[in-house]
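Quick heads-up: structures coming right below.
Both complexes below contain chain A, partnered by chain B and then by chain C.
After this line comes the complex of A and B, so read on.
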């Protein structure tokens, strides 16, 4: 944690999260037409941050394949890991809400199962990273899987429109074209998204440095053995 | 030229399979075992359960299990005597190698699936011949989706320690969209509902998945196999 950019991002993220927590708790109306809708301000941004992470992972993997620079492999690993964490948070918050609003923890609805699938794809990604020991091979194979995974996420995201679903329909203005929620209610979602993305980038950067360091240690160890 | 290379690889694989018939016999027996096991999960004698309504799911679950078993061996069997290195050193494109293997796997799976469709029809008293051409189209498209993903992941996992475990863990999340489309279509066809406005979307999903992921594999297979 030496570069100031990380501190800036971390402070911005925590500040934004606190500010939106205050807004959600004290400023926004308590009642709306959806029960306990406030959890939406964590639920939706978590998934947005997760998708952002998967896309960053895709780009980093592409850059790795093009340049062969291990820095991008580490960043892709970090981004996908953090994104998986946000996806878990999104799923968990959704389950808690479902228990409150529907009375059940889980239902095999298209949106829920498709998100669970994305989650499983990236769990597979982490498994793959764990099971390959040779760094070049690991980087190459996981970059390919990351690209496949991201295309699958896009495919699945599109596919939820083909099923009938019991999940509340999209409420954000860019999806339904109108102000279903009103700008005052919608704004904290976007701010929280920004906050979570900043937080994710900080964690991914730390992971990246960790990866670089472990590669360095590996190289030194190999050097020591060769004497 | 390219086509001849593809066909040479496919012929080689099919010849090796024809001489032992290992994969076919084992996978076919496995498929029949699964079909028999289903009779304990859903009592076919119970008149509350309509077998045609769940037939699509039963068939495709059995197909995909057998496919994972067959496809696992696709690249793994080239490890003996370093055949994989020889194949990669051959003056052909990696995608020709991939398509040759995929074609052989596809042929193998198709034969297996059509034979077990007959077994299924006998055991569960489901009439499959009424719309056999539409059904075959669905089986071809669904099998290609399984083949292309399975062969790809077979190549990706060939050097891993937990190969037999990693392939299904990574492959099934990708296969859920095409499998669910194939399941819906197969159940419809076995219930006497032909292609129409209600289900044509799923046929498009299958075609789209096949085209999208086949092109993606062509782009990335070089990275997976050669690096």
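After this line comes the complex of A and C, so read on.
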């Protein structure tokens, strides 16, 4: 059952990305000032896909702590790992934007610093999972860290409204403050977000299968030691 | 659209795609390593059961 879903999601993701890129490049009437912000069409969806993954990781971690079912631990690990990949992509594209717009690759403003901190917390999450051998302890500790990390995600999201530092203020119409792009220009951001979420789901499914294999290996090793 | 702007979008897209592709390659390598390890442990446990 899993395999056909993967192929459908992967096809949908690639189709949406290509269609959206075509719209960005050749259809949308970009004014000169908006043209300078074109990278937003990939930068913002990367972070939205990352935040979606971190929140899914938070819910799965909460359910794991409540039920003790390892499937939710595997799901949380997959969601957080994929989310970290999207956050890395978002940071990389943001640095390219910064080099173009500000002439520097990085600055220690509120948004960038809080996002870097968030990124480091989730890198720590992955290291924690690798360093703890006992499965129950690993799952419990990483669930707690996932919940802690998600508090920071909420702070990163709101930081451009709370702190007016170097990072541009919000451009999407549903957010407070900033110069909004307008609904017509916003649409590709949402399509790209959907495309990246579809891709993320496929990768998280593969990652979950690997988690199940890891648990089977652990169980077989314990069985071998008991002989 | 200005040529420079199109290039600029492409740099961003390339950065994002590179991160995704590198991650997928790592995922594939992890999967192969796990399958190999699972086969090895299964054989090991199978052997132990036969001896018992």
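Following the convention adopted for this analysis, the second predicted complex is superposed on the first by the 207 of 227 C-alpha atoms of A that agree within 3 Å, B and C clash if a C-alpha of one lies under 4 Å from a C-alpha of the other, contacts with A are read in each partner's own complex, and residues count from 1 in each chain.
Basically, a residue touches a chain if its C-beta (ideal position, glycine included) is under 8 Å from a C-beta of that chain, and two chains touch if they have at least 3 such contacts.
Predicted, not measured: the structure shown is a model, and the values here were computed from it.
Student: After the alignment on chain A, I want to confirm one thing: do chain B and chain C clash, or do they fit together?
Tutor: They fit side by side.
Student: May I ask you to decide whether A:104 touches chain B, chain C, both, or neither, giving the answer as first, second, both or neither?
Tutor: neither
Student: Taking the superposition as given, does A:155 touch the first partner, chain B, the second, chain C, both, or neither?
Tutor: After superposition on chain A, A:155 lies in contact with chain B alone.
Student: Mind working out whether A:217 is in touch with chain B, chain C, both or neither, as first, second, both or neither?
Tutor: second
Student: Hey, is it chain B or chain C that touches more of chain A?
Tutor: The partner with more contacted residues on chain A is C.
Student: So, does A:141 touch the first partner chain B, the second partner chain C, both, or neither?
Tutor: It touches chain B, and chain C stays clear.
Student: After lining up the shared chain so the two structures overlap, which partner does A:206 touch, if you call chain B first and chain C second: first, second, both or neither?
Tutor: Once the two structures are laid over each other on A, A:206 reaches chain C alone.
Student: How many degrees, to the nearest 10, separate the directions from chain A's C-alpha centre towards those of chain B and chain C?
Tutor: 110
Student: I want to verify one number: the closest Cα approach of chain B to chain C after the superposition, in Å.
Tutor: Nearest C-alpha atoms of the two chains are 23 Å apart.
Student: Which residues of chain A touch chain C once you look at their complex with the stated criterion?
Tutor: By the definition above, chain A touches chain C via 21, 24-26, 30, 35-36, 38-39, 41-43, 46, 85, 88-90, 92-93, 96-97, 100, 199, 203, 206-207, 209-210, 213-214, 216-217, 220-221, 223-224, 227.
Student: Which of the residues in chain B end up touching chain A in this complex?
Tutor: Those in contact with chain A are residues 152, 156, 159-162, 166, 169-170, 172-174, 176-177, 201, 205, 209, 212-213, 216, 220, 223-224, 227.
Student: Within their complex, state which residues of chain A touch chain B.
Tutor: The contact residues of chain A facing chain B are 65, 113, 117-118, 120-121, 124, 127-128, 131-132, 136-137, 140-141, 143-145, 147-148, 151-152, 155-156, 159, 162.
Student: Using the touch definition from the top, list the residues of chain C that touch chain A in their complex.
Tutor: Touch residues, chain C against chain A: 1-2, 5-6, 8-9, 11-13, 15-16, 18-20, 23-24, 27, 30-31, 34-35, 37-38, 41-42, 44-45, 48-49, 51-52.
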